[in-house]
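I'd like to ask some things about the structure below.
As written, the chain order gives the labels A, B, C and D, with residue 1 at the start of each chain.
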Amino acid sequence: MIPNRPRYAARLNAFKVRGGSVAEMILGVGQVGGLSAADLNYPDHFAAHDPATLTGLLSDQGLVLNGLAMRYYTESGFKLGAFTHPDRAVRQAAIDLTKRGIDACSAMGGSQMTLWMGQDGFDYSFQADYGRMWDDTIAAMVEVADHNPAIDIAVEYKPNEPRAHALMPDMATTLLALEEVDRPNTGVTLDFAHMLYAGEMPAKAAMLAARRSRILGLHLNDGYGKRDDGLMAGSVHPVQTVELLVAMARAGYAGVIYFDTFPDLSGLDPVEEARTNIRLTDRLVDLAARLADDPALEAAQARQDAAAATRLVMAALFGA
Amino acid sequence: MIPNRPRYAARLNAFKVRGGSVAEMILGVGQVGGLSAADLNYPDHFAAHDPATLTGLLSDQGLVLNGLAMRYYTESGFKLGAFTHPDRAVRQAAIDLTKRGIDACSAMGGSQMTLWMGQDGFDYSFQADYGRMWDDTIAAMVEVADHNPAIDIAVEYKPNEPRAHALMPDMATTLLALEEVDRPNTGVTLDFAHMLYAGEMPAKAAMLAARRSRILGLHLNDGYGKRDDGLMAGSVHPVQTVELLVAMARAGYAGVIYFDTFPDLSGLDPVEEARTNIRLTDRLVDLAARLADDPALEAAQARQDAAAATRLVMAALFGA
Amino acid sequence: MIPNRPRYAARLNAFKVRGGSVAEMILGVGQVGGLSAADLNYPDHFAAHDPATLTGLLSDQGLVLNGLAMRYYTESGFKLGAFTHPDRAVRQAAIDLTKRGIDACSAMGGSQMTLWMGQDGFDYSFQADYGRMWDDTIAAMVEVADHNPAIDIAVEYKPNEPRAHALMPDMATTLLALEEVDRPNTGVTLDFAHMLYAGEMPAKAAMLAARRSRILGLHLNDGYGKRDDGLMAGSVHPVQTVELLVAMARAGYAGVIYFDTFPDLSGLDPVEEARTNIRLTDRLVDLAARLADDPALEAAQARQDAAAATRLVMAALFGA
Amino acid sequence: MIPNRPRYAARLNAFKVRGGSVAEMILGVGQVGGLSAADLNYPDHFAAHDPATLTGLLSDQGLVLNGLAMRYYTESGFKLGAFTHPDRAVRQAAIDLTKRGIDACSAMGGSQMTLWMGQDGFDYSFQADYGRMWDDTIAAMVEVADHNPAIDIAVEYKPNEPRAHALMPDMATTLLALEEVDRPNTGVTLDFAHMLYAGEMPAKAAMLAARRSRILGLHLNDGYGKRDDGLMAGSVHPVQTVELLVAMARAGYAGVIYFDTFPDLSGLDPVEEARTNIRLTDRLVDLAARLADDPALEAAQARQDAAAATRLVMAALFGA
């Protein structure tokens, strides 16, 4: 059975339209109602405030820290890569920046650092030695994971953008890497839209993650499977979202659901958009709870009867 | 307002698993209950029976003929193209075959011939003179349309497969061609899964079709936007399906909804699969009827407020 | 036959890494050697300099103005759309901004304004009334084209990004719109990478453009067909690039080749990257000139013989 | 350094147009000149001939057996899956069929069985229990690998088709599975077009395969990265093909290059098409041999200098 209503978080930068400062963005998150956690980006969100001040800003809005997320692109030195940069000194700078981020996370009482290694990829054939990029990334992740074993390190994969090809584009590649890293405080963060345009069926990727590593985070959003559209959760693929939620429940995931959406790109008001995310997801979480224990659905799946399974799911979803 | 429950048809060949003959397939369609129309492929479905016999087989199952659909690939001479074939004699053979199909359609009291020019495309750069392919296709379509002005000619576009690139891959290209053809008995058949993997938003493509030509047919099905998956209608993109149904209603479409799905590829029983198509589509058609006249939705769209519009649609669809 | 070596231009903003000012970026372009034209973005590149000063900066580097390109996203009021914005006042602001851009272009002696209506699209089903967006866009383009009939208006289409779906995503849709606009000073700018991820074969799209409108610009670059990768021209699809160059030559295109690439995203030096663009394109232009008049190739195409055509092209390209 | 000219094989069924029997198809392969190996499909190619007869037919044409490839779809009982079928008896039938194929391979003196588990996937969310499908597949592969440790078992992955999602869609998922199988006589067969539309950079995937498993086969062909186009090797992505050949050489691959192309779908003559495959590949293999040891290229890669690397590669490829 799916546990109680999950805690929700939202992308802080989506609230930039309401005022550019971190304090103003946190205020915006507080206005939504229904959001109870927040992630901060390192180092950008720490440029003007120290960890103690940020903790205060969050708690003023009734928010707990979900975790920190590294942003390597904010420093132009990482354009060619962070952990994969050809220059050892730049790689070490990326590792050291990550360690400082982990320290900030720890200072705020957080327990998780998310790594999206967005610059770590390649654009051209013959541009790089893939084996060396792989080795350097494994070594960097080991060093980062060992820095503070009390902080979990979650890898958020993405097929491309800004680079034409990411080194860590999909679930299975990430799991191969994490196995080589071989540290208990590592795992995966699932991003629904990334999964779609990686060509994955999200619930299947979650099965692999639960089987071979740890699921440390869940980013809900939606899109059309061709790019990182950042649409509201459940707005395009409600059935695939419910299936993922069932898989997460079965994997024992009890963490935060983070809405990684881009109202700013669509000209949407972030408060109204976040409220819509919550409404849709509440409904889909309820539905997932019901389907997770449905013996008729289990029986249909046991014989791979898609007609029966689809009728059951659609009846529960929209009364068909 | 959306008119009464639409008539439904299903892909005859999906029932091949129940027996290979046309008579057995029509019997399978009859067993579904809820299907009231059928399309026949020309020439394959006419290999063993004449039009009068086929009419009898259909009416025995309470089915009316929706129309005929050309299948050029069944004759190996068209592998390199039908209307685009470099050899004038082969092009003329394709045109003549189509005319015989139109005659058969007329003999059965049908009113519509669907053209899917699946072989008319190219695989390689420098393989063909695109301008000549275009000219030959326009000329062939003119000749076909003029053969019997009482029979509508509907073009069903598709991005690729079997050819790597189709000459007529998407709505807008088809509309450019139809304008050059310039015959009143021509128009477009919309196939939902083709639209998805052409990168189109189906309701937007329907707007263009209604504006610039005539919508002559609607193939419902679903998929993941990367290929012609042939899944059950509404099973992946229920919201986009409803939006298309609203657009069709506004465009005055009162024709058959044809389920162009591939239960045979998935190992599904075609009767159960067709029943599921009907159940899901009945529900989405009802929903479309309600949304088509909703002033609150109209107001949200007038200000392009995606949060409000999505909440309205999702509340109607699944009570969020 | 393909005429003399084309004039080349490069994306000014690619040189931002060498110093953020427009003057510094123009200096960077001048350092490349081999670039003889430049495009300026309006209004961003005019923020600190008036047209006369910009003309001077260009001529100091031996550069002629190729044209101007509108950038609506630089003003946050256009996030929900420029010509498609639901608010009439915002639409008019976009039109007026474009007219001022046309005036600036004229003041600099330029002859062409490129429109990339990047914000004009939608993210969600039911977000907008597509017909109204279409009408508003046609009306805006008419007003813009009529502002100064001596300046050509070139539409540069793109499938998506920043919006999930663009109103003008591909060649054929653009041609339908331009036909409704019905002004002689309008046409299309082709962007190779946009064409690839629109699912088009570039040379075929060029055929349609030449047949139904005017080809006003050519942006060369490359990518993997999934997004706007911005890679160096010919680096991934040399054969498709050559085929497009042959089609452009046959269509009589004698304009500038603009390298719309993103060395900044890959951490590449823009000067070295631009030099590589020139070297590769020089070679492919030569090859196109040879193939454009090859009777053996023409004969292979006349019978759609892909094996023979591919052998001829590959022998010319790389001696196979 | 890349060793001598590789042995080439071609897809036997591509020659069906020259006569449907296995004997006639082998005769067609022999007419090409330059093909020295062949793969046979099991069970289809063994329907009319026993292993000894087939060995004779091959040697009459100067062909050695490269290996066998399983084809589960030829028996309709596997439509819902072979190793993933929900019915244990059907799964066992698939395993037993594979064992008989391995026996036939061994009887012909072959050393390798390729598994393309094309039916093993799913079409709908909630259709199947992914964990159970995974477990059943691992168990089946173990049983198959243990049947005859002298025969290598090569998995050929593919993103989709005929199923909407394959259980084994890409390199990394395949490597995760092979690690669980944990048998020394297992590995991967690389198919270039499959890699492209899995979103992979082929040479990077080869790096992972060499690092974590064994590369047992190489299928060359080409396409546009959206589906399994089956075009001639090097005809679209010559640079990515060369990069893969360099990676294969570095990984010590000395096996056959198998042209997995579909001239039959394009209406091409298979003999002329195969000859074109050989010509293009000969040239690209030569180029790969030169580039594999180029210190300037190695230096460019060491600093991830895409401009320098691209200039070097393009100069070698086409003299730019």
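Rule of thumb we're sticking to: a contact is a pair of C-beta atoms (placed from the backbone, for glycine too) under 8 Å apart; a residue touches a chain by one contact, two chains touch by 3 or more.
Chain by chain, the UniProt names read as follows: A, B, C, D = Xylose isomerase-like TIM barrel domain-containing protein.
In this text the structure is predicted, and so the values were computed from the model without any measurement.
When the C-beta pairs in contact are tallied for A-B and for A-C, the bigger tally goes to A-B. Each chain's centre was taken as the mean of its CA atoms, and the one lying most distant from subunit A is B. Note on chain placement: the centre of subunit A and the centre of subunit C lie 35 Å apart, centres being C-alpha means. Between subunit A and subunit B the centroid-to-centroid distance comes to 39 Å (mean Cα coordinates, whole Å). Touching of two or more other chains is recorded for residues 80-81, 123-125, 165, 199, 224, 226, 232, 235-236, 239-240, 266-267, 304-306, 310 of subunit B.
Chain-to-chain contact here is organised exhaustively, every possible pair of chains being in touch. Put simply, subunit C touches subunit D in their complex at residues 199, 224-226, 232, 234-240, 263, 266-269, 272-273, 275-276, 279-280, 282-284, 287, 304-308, 310-311, 314, 317-320. Within the complex, the subunit D residues that touch subunit A are 80-81, 85-87, 122-131, 134, 159, 165, 169-173, 175-176, 198-199, 201, 203-204, 207-208, 211-212, 239-240, 242-243, 247, 291, 297, 300-306, 309-310, 312-313. Those residues of subunit D lying in contact with subunit B across their complex are 17, 76, 79-81, 123-125, 160-165, 223-224, 226-227, 229, 231-232, 235-236, 264-267.
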